[in-house]
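Which chain is which? They are A, B, C and D, in the order written, and residues in each are numbered from 1.
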Amino acid sequence: MRVPPKRGAIIQRLRLEQVKIYRHNVTVHWGDTDPAKIVFYPNYFEWFDQSTRLYFDSVGLDWDSLVRKYGIVGLPIVEAKARFLAPCKFRDEIVVESRIGKWNDKTFEVSHAVVNGGVRAVEGYEIRVWAQRKPDEPDRLKAIPIPAEIRSAFE
Amino acid sequence: MRVPPKRGAIIQRLRLEQVKIYRHNVTVHWGDTDPAKIVFYPNYFEWFDQSTRLYFDSVGLDWDSLVRKYGIVGLPIVEAKARFLAPCKFRDEIVVESRIGKWNDKTFEVSHAVVNGGVRAVEGYEIRVWAQRKPDEPDRLKAIPIPAEIRSAFE
Amino acid sequence: MRVPPKRGAIIQRLRLEQVKIYRHNVTVHWGDTDPAKIVFYPNYFEWFDQSTRLYFDSVGLDWDSLVRKYGIVGLPIVEAKARFLAPCKFRDEIVVESRIGKWNDKTFEVSHAVVNGGVRAVEGYEIRVWAQRKPDEPDRLKAIPIPAEIRSAFE
Amino acid sequence: MRVPPKRGAIIQRLRLEQVKIYRHNVTVHWGDTDPAKIVFYPNYFEWFDQSTRLYFDSVGLDWDSLVRKYGIVGLPIVEAKARFLAPCKFRDEIVVESRIGKWNDKTFEVSHAVVNGGVRAVEGYEIRVWAQRKPDEPDRLKAIPIPAEIRSAFE
C-alpha cells in the first residue's frame, strides 16, 4: 500500500511479518457487479468490514465478547479508504488479506488488500475506535485506550 | 395483481378504492443494476420494505410508536413475492404503489406494484405479522390479533 | 416446501430424489442484518440468485456458455417468492439448498430452502425463463422451449 | 475536509465557491442500518457514487453521452475515502453535498459531505479517471487528458 512517509517508521517497528494476517475468501457474484461488468465499488468496503470482524474472531476476540468484557460499543468505523488498481469480475474468487496496519492509543488501522488471481486489485484500510458510551450522554461515544492484551492477541 | 380465485371474494369485500395508497418514488441508480443493465431483482424487495414502512408512517402509524404502544416487535415479514413483468433500468424514475391487500386476524398483506413510466413493471406483496415476544421465551414470537384501530387507520 | 396441490402430480413425476441438489454455503455477516438483529429479508433473494447460478455451474451449464451456445439472454427472473419461517442472525452459517422444482415448456422453477443449524429458516422459489431477444425488437424478449439436454443435465 | 497540505494551493486556486455543488437528498431506510441502529458504512459510498452521477447529470454531462461523445468507458473509480464523524440513523433525511474538489490532468476528485440535520456526519471523496480502452488490449484502460469543456461545465 502507498504508505505516507510519516507512518513509515511505525510500520517498520511493527515488523509486519509478526502480525497475524487473516485471509477472507470471497466469491464475486452476479449481483455484486454493475453494467460495466465489474464489481460495484461499495461492495469492497462491505468485504473489508466482513474481514475485520472475521479477523478479530480468528484471534479469539469476537466482538460480542469484547462488548461484554470491556463495555465498548463494538468497534465503530472512523475512516475507510480504498484504491482500486484492477477490476474484479463476476465469478472471480478473490481474497481479502487483512492485518493490523497500525495501533494508536485509542484507534487502530486494519489494512486490507484484495488479491484476485495473484493480482493486487484493491488496497485500503479501515480505522476503528475503542470507545464506550458516555455515562451522562449514552448517545455519544468516548474513546478510551486500547488494552495491551488486545494488541498482543494479533502478534 | 394476479389474484388467486380463493381470495377474490375477500378482495372485493375490501373495496380497494377505499384503502389508502402510498406512492414511494424511487430513482434507479447505477448500483441497483447488473451486467444485464437492468435492476438486480432483490432490490425490488428492498423497495417494497421501504414502501411498507413509509406507508405506515403516512397514516400516522410509525413502527417505533407501534412498538411502544402495543408491545409488538415491529412487523416481521412472513412471506414476500414478486412477479417481474418488465425490466427497469438505470435512471428510471419508478413508483412503488403500496396498499393494504388483505387483513387477516393476526397478519396482513401489503400489495406493491412498481410502475415505470406508465408501465406496470413488477407486482408483488408482503405478508407481515402482528406479534409480541413470548414472555417465557423472548427469542420466540407469538402472533396476536391486530387491533381494529390499526385497520381503520388505512381507510 | 409447502407444495400447492395442483403441482403435486408433476413434482411426483420428477421424483425429486433424482434431481441434483446444490448446497450454497453462506455466512451471515453483520451488514446482512438489521436493527432487529436478524437478516434483512431482501438478502435471502440475493442468496437465491447466487445459488441458482452456482447450481447451473455445478452441472456444467454456466450461463455465459448458455448465452453463447443457445443465443439466450441469460435466465431472466419471472417470479420469486419466499416464506420466512425462522430468523437468521449475525454469524449464522446457513445453507441454501437449491434444486429444480419444476420444468415447464419455456420456464422453470428453482426451489430454495435455507437451512440454519438444522432448522428450516426460509423456503421459496424462483421462476426463470428461457428467452431470446426478438429479432425486430431487441429490447423485448421472446420465450422459447427449453432444450431437452438442459433438463437432463440436472438428473 | 481534512486537506493534506500538498493540495492546499490547488484547492485555493479553484476558489471553491465558484464550483457548482450538487445536493443529493437521501432518506435513510431501515435496511440501510445495522444492529447498532446506525447506517452500515458501505452505504455511504453507494450514496457518493449516486451523487457523482447525478452531479454530472445536473451540469448536462450525463455519462451515457460522455461515453458516446468522447469514447471513454464511463468514469471509473480510482480511489475513495470517507471519514465518519457522526452516525446517521433510520428515518434521517440526509444530504450528500458533492462538488469537484480538484481537477488533475487525467483524473478528478469529487468531494462529498453528508449533512444530517445541520450536522456534518461524513466527509469524503472519490477520484475518478478519464480513460479509454486500449485499442490493442480492450480489457485495459488508458488514461487520457480531460477536455477543457468538461471542467468548465462545473463552473
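Keep this in mind: a contact is a pair of C-beta atoms (placed from the backbone, for glycine too) under 8 Å apart; a residue touches a chain by one contact, two chains touch by 3 or more.
Everything numeric in this text was worked out from a predicted model, so none of it was measured.
Chemist: Tell me which of A-D and A-C has more C-beta pairs in contact.
Modeler: A-D
Chemist: Among the chains, which is located farthest from subunit C on the basis of C-alpha centroids?
Modeler: The most remote chain is D.
Chemist: Which whole number of Å gives the spacing of the CA centres of subunit A and subunit C?
Modeler: 33
Chemist: Once you find the CA centre of subunit C and the CA centre of subunit D, what distance in Å lies between them?
Modeler: Using C-alpha averages as centres, the distance is 36 Å.
Chemist: As a quick test, compute the distance in whole Å between the mean CA positions of subunit A and subunit D.
Modeler: So the centre of subunit A lies 23 Å away from the centre of subunit D.
Chemist: What are the residue numbers in subunit B that touch two or more other chains?
Modeler: 30-31, 40, 42, 46, 49
Chemist: Residue numbers of subunit B touching subunit D in their complex, please.
Modeler: It comes out as residues 29-31, 46, 49-50, 53.
Chemist: In their complex, what parts of subunit B are in touch with subunit C?
Modeler: 36, 40-43, 45-46, 49, 73-74, 76-84, 87
Chemist: Taking the touch rule as given, give the residues of subunit D at its contact with subunit C in the complex, in rising order.
Modeler: Residue list for subunit D touching subunit C: 30-31, 33-35, 37, 40, 42, 90.
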